[in-house]
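Think of it as A, B, C and D in the order they're written, each chain with its own count starting at 1.
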Amino acid sequence: MILFDLFLILLIAYSVGFLYYGLYRNITARFQRRFGPPITQSFYDSIKFFSKEDSTSHGWMFYLGPIIMMTGAITTLFFIPFFYDRADFRGLSDYGNLFVVLYLLVVGPLGNALGVGVSGNPFAVMGVTRGLSRLFAMELPFYIAVIALISINQSADIATIASNQHETINAIAYPLLFIPALFAFIGMMGQSPFDVVGAPVEVYSGPAAEFSGKFLALLMSQGAIFSFAKLVLMVNLFLGGASGFMELLLKTFLLFLFVIAFGSLYGRFKTPQSIDFLLKVPTVIAIVGLILATWS
Amino acid sequence: MRIINTLLAFLSLALLLSFWQDNFSFYVDLALLGLHGVVVGVKTSALSNVFALLIGFSWLMVSIASFASKKNTHSTLFLWLPILSLALFLIVYTVDYLLFFVGWEVMSIVSYFILAPTLTPKALLKYILFAMASALALLMGIVILYSGAETLLYIDANHGFTLLSQQMKMILVLLMLFAFFVKIGAIGFHYWLVDSYAQADDLFTTYLSAVLSKMGIYGLIIFLTQVVDIYSLDWKILAYTIAIIGVTTSVIATFKAIKEDELKRLLAYSSIAQLGYIVTILAIAGGMGGVLYHALIHTLVKLLLFINIASIIALTNRSKLSQLGGLIYRTPHSFVLLLIGIIVLAGMPPLAGFASKYLVYTSLLDAKMLLILSAVMFASVSGFLYVYKLIYGIYLGHPTHKSLESVDEVSKWYLIPQYIIALLLVIIGAFPALIVPTLNTVLVQLHVAPIPFETSTILESPLGAYNGFVVMSAFAVIFVLVLFFVWRVKSKAKNVKNRFDIAYCGEEPTSATPLHYGYGMGQELQRVGFIAIIWKQSSASFYNALTLMLFSLSTRLRKVYTGNLASNFNWLIIFAIFLLCWGLE
Amino acid sequence: MSSIYFIALPLLFGFATPIFAKFGKNGIAYSSVLLQASLFLLSIQLFVTMDKSIIEVIAIAPPLGIALILDNVSIFFVMLFTFLVLMGSLYYLKLREKNPYQNEAKFFILINMLLASAIGLVLSSDIFNIYVFFEIAGISAYILSAYRKTPKALEAGLKYLITGAIASIFLVFAIALIYLHLGTLNLALISQGFTALESDIKLLISLFLLIGFGLKVEIFPLNFWVTDIYEGSDAFTDAFFSAVVVKAYLFVFFHIVYLFLPHKEFTLFLLYLGAVSMLIAEIVALRQTNLKRLFAYSSLGQVGLLFVAFSMQEAVSITAGLYILLAHSLAKMVIFLSLASLFEKYKKEDISLFKEMNSPFLRNIIIISMLSLLGIPLLAGFVGKFLLLKSIAFSGLFVLLGLLVLASLIESVYYFKIIGFMFSKEERGEKFSLSTLQRAVLLTLTLGIILIGIAPFLISDFIATASSVMIDVRSYQNLLLGAN
Amino acid sequence: MIEGILEYLNQTEVIKTIVILGSMGLFFVGLFGLLSQRHIIKVFISIGIMEIAVFILFIGLSFQKGLTAPMLGDAHTSFVQMNDPIPHAMILTAIVIGMAVLALGISFAIEYYKLTGKNRLDQMNEMKH
């Protein structure tokens, strides 16, 4: 039963993830006054990549990188419940909690870093370093917000946090926690202004520089799954969770839309700039929010 | 010598495990020395057994690793190591502060003699001066406590502590904290630590980091729970001070570690940072479980990491990240072991590191130290950068020298202890509550609430539990499935023959191109304001100024001893007149 | 009557040297060693046969005559001094083969005079005898100090002599005042009558005594001359100065303090004087490069510590003081004797000598001695230091405690600088080894340090009794007066 | 007139006052010499003066009028009607010792002068580091 549940979760995440990715390409295209590819294009791309040969390999660790990344994404997904009040689509979330998820979120990037590192491409490693540097800056405001939520709810269980919001969602109840978390979330989604790590167009480098064929496909797929997982997590934490598929899709899509809209509007920070920004503005807001939220 | 040492280590561990449950105690009355009513002695207890286990285990692991080198190069080390371990056992088993001090001093001095052949004079002097300062502060604290309690036993110490005046309590606490923080290397007092770790014999560094630093933790546990009785004392500011010192230590040491190029220095800072987490939760009531758990995990992981880099240094004769690289396919076993090590060090979920981090976080949450918790998590995440730097610099990327392309796997004597430790770490990762019953006996002994325990797979905490077994098996199963999936998908990829065959801006790099990114990694953080401040500031300037001041004072006071009798007679007369006036008063 | 031998025999030795000289080249040397060995055995025998507090008084009808008192505390010093001098003489037997003193007969006479006067100081129980022995010790020390007749040695001798002469003037002055007002020289009688004196006279007497003895016991600020003397003299003689002479003066000084001036205020003053003395000496020592001078400062520091211990006026702290004194004497003996050989071998007195030194044996024993001086557990220095700190804390003098701990920390700076030099990785010359006899001497002393450190209970009973006897003024009075 | 003065002077108190004043004067002369003079021999002389001052003080004050010197001789066969012998014995000893010390000191000074050509206290700085 639970295996079927997990399979469904994976399937949904995979398809919705690619759907969102297609939408993302379309929407950004519209922002830039052009027409994007068909929505399903990314999905087809990934299928196509799976069937392509990969041109170079740098040994087994090189292969393991994307695999670990994929594993990390799926595991993360499984530990986030889709709905707060339903017995199904809970995945493995009963066996873990928010702390586990927070840490699982970084398993993927670290696995990727290993695979990239072994490729011997200094540009790729540079991207990894940037990613890791940005990571801690990004996580700080996010962690502060999450800690505040855990403390308020006296529970690290995601479903509990989600269900406790049926009166007022956390985004409205605690805006000073939501705003910094949102900043961090934009970074986590790899959107401007914090997207220098995997900058898709202009830099001929970044973690993915050496991957091709099925491994590139793997990277793309995990990206889709992972994005969805993160969206669901954010919805659960701040937007009141969901009790049905429509609600879930709506909330995640709105959040997604906001993120890409924001990303399209702003230019790109350099790594130190983004670290500096994240450690200053959102962190300070988050600290204020934390103090206000738990003052008693 | 090595064989005897290993046998002794094995014997002590075997003794320890076979008499684990037995109670043993031995007391001596010191009335003979003019110390009436003073009893000293040793006694087994749950707490001391746990720490003794760490000592015995680390000793054995280091001893096994020592067989790797062909020559008996560490002969003095293995002459001293049994004595050192004996002193450590004395520290953990004693029930009074006199023997504790004896063990403490012997530990410092014996370490000094072990360090002496390898350290530079300056580093050696730094080490011993901090050790002496620590010991003297400890001695002064002990004596002050003694004057209150009139005995030296831990069990009476709390009574004595309450009898002291508020001011003396403060001084006592400061002295003791100083004494133990020096050993731990809390920030500001770590000036000696990094150099000593970096220059010590590679295997002794392992022992230093795994065990000796834990003695500071042990001392703090004893002092805070037995003497100050901090959990029942309403002395909030003390708990907060300790927590803030701990977390500052973690954050600063983490960023210092990111900058380091030398393997052992990097790990030394990492050691400081990890102990910082322990210090952070030391003074809060629910934190003791996390303290013990993290101390245990940290001991294991530092054993693993230091033995690993000792093997790499022995293999390549290189100790800098910028001089290594690309060893992964030459030494795959070492790579996998280090990978396990850094996953634990970073506190990633499937392995044991997460369990201890989890306890650290939940205890801070429970104590409502939310900002401190955020800082701890921040330090923890920032730590990813240096753990990645470590594994990348050694194993990934490009070899920086021809010699690195032709080395073979490290000696099996290095691998055996690492595999044992890695296995333990994986097991604890899957069964995070496996050691909870043991820890709970200690917690009961210390009169703090035990960690809830049902089954060995679920680590419970006041704010929720997690099932380590499920996390690990989920991860493993998904990993295998993805692997299998990728395996089945067709592939004709060939291994690159030429390692320069990479995407490099349309050019083909040559062997002269600096492709290894080991040294530069993390340097760009310099542009971030507060990190630049951390990197630029160093306690060295403070200690240098102190030294300078002392020496100029010395020069000035030397003028008293000019040797010019004529002027000295004037002194004499002035002194006499002063005495006369003073006497007439 | 046996206690008189300790003074008479070494003094008589001088007159007998022409006879001993007949026994060949080594006659005087061997007979001197023999004499000291027999004195040491005698002291052991006395100690063993002595009851818990049996006291030997040799008195020619006090208050008029002289009296020698051999009680639990003085037997401690007698044993210590004879043992140390014996060890030194044995060591010299080999040292003289390479670098003998000119006119050795004189040298042996002086050493024995020094021994006699040190013991005399400890045993005497009337103040004029103390003055006489004070001077004999002084004269022999002046000559020993200047013995090499190099400019440095002569300068040291001169300075020693001038300060010594001034000290003796003040002492005579004090004695004159005491006799004029009390009509007696007997310590017991003086101690009985002293409190009844007018306060002005008391002040004057205590001031003169403090200056007279203060110059000799090397207390700040009266210790300005000490380091020059140590540096100018031979390391071999420094061993005696540091291990024997100062200790004798210290004992007498505090004996007199306990008997005459057990004022709380005065001893408190001495207490802080000791602490300041220690602190200043340790700070100055930081920059020293000349080894003899360095260890001279270290001696000053230790004397400061002893001052603190004895000024506390409690049985426990005196016990601590005796432990520290014992540990310091043994350690300084080891260090200065080794230095004597090392200087002779390497022809330099600089601290960098230890970078060249290639002698594991000497390295190890010097390190053990220095660690003992620092008060590291399991060595002799720790017992005394711990007891002392304990009694200070029990008296609530926490500032003093802090000062001493600070001084100890500074002390460890230069000790460990030296030890660091011993481990430096520089090129070392050929191996240097001592003769068997010298090694045996040094080993005996070092084993003493270790043994006391590991098993202080072996002698704790004895030292505890000694300290209680030392502080027990009343029984001393009864003893001395009841003897006639 | 002279008789009167002598009579006056013969009083014990007067004699003792003179002794005290004189010896103290002498003592301070010595002390002043010690502090102001740098020549080694002059310093020795100052020390000698101070010693003598103390001796005179002691002897002068312990003397009692009307008693003879504490010596046994033809007329005196027992210790009666004599001054206290102890101060005399003491001072005799002290004089001998003081003389010995000064002689020793002068011999040192001469040797030192021969070797180095220095004869002043403030020049004695072989050990100035």
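Rule of thumb we're sticking to: contacts are C-beta pairs under 8 Å (C-beta built on N, C-alpha and C of every residue); 3 or more make two chains touch, one makes a residue touch a chain.
Quick caveat: nothing in here was measured; it's all calculated off a predicted structure.
Here B-C and B-D were compared by C-beta pairs in contact; the pair with more is B-C.
Centre to centre, using the average C-alpha position, subunit B and subunit C are separated by 45 Å. Subunit B and subunit D have centres, each the mean of its CA atoms, that are 71 Å apart. Centroids built from CA atoms put subunit C at 79 Å from subunit A. Rounded to whole angstrom units, the spacing between the C-alpha centres of subunit A and subunit D is 102.
Multi-chain contact residues of subunit A (touching two or more other chains): none found. Counting only residues that touch two or more partner chains, subunit C has 159, 162, 166, 227-228.
Counting partner chains per residue, subunit D shows two or more touched chains at residues 34, 121, 124, 127. Inter-chain contacts, as defined above, occur between A-B, B-C, B-D, C-D. Those residues of subunit B that touch subunit C in the shared complex are 32-35, 98, 101-102, 105-106, 109, 112, 116-117, 121, 124-125, 128-129, 132-133, 136-137, 139-140, 143-144, 146-147, 168, 171, 550-551, 553-555, 557-558, 560-563, 565, 568-569, 571-572, 575-576, 579-580, 582-584.
Note for the complex: subunit D touches subunit C at residues 34, 40, 43-44, 47, 50-51, 54-55, 57-58, 61-62, 84, 86-87, 90, 93-94, 97-98, 100-102, 104-105, 108-109, 111-112, 115-116, 121, 124, 126-127, 129. In the complex of the two chains, the subunit B residues touching subunit A come out as 326, 328-329, 335, 339, 346-349, 354, 357-358, 361-362, 365, 368, 370-371, 373-374, 377-378, 381-382, 384-385, 388, 391-392, 395-398, 463-467, 470-471, 474-475, 478-479, 482-483, 486, 489-496, 499, 501-505, 514-517, 521-522, 524-525, 527-530. Across the interface of their complex, subunit D is touched by residues 64, 128, 131-132, 135, 138-139, 142-143, 146, 149-152, 154-159, 161-162, 164-166, 168-169, 172-173, 175-176, 179-180, 183, 185, 227-228, 231-232, 288-290, 293 of subunit C.
Against subunit B, the residues of subunit C that register as touching in their complex are 159, 162-163, 166, 203, 206-207, 210-211, 221-222, 224-225, 227-228, 269, 280, 283-287, 315-316, 319, 371, 374, 376-378, 382-383, 386-387, 389-390, 392-394, 396, 398, 401-402, 405, 408-410, 412-413, 416-417, 419-421, 423-425, 456-457, 460-461, 464.
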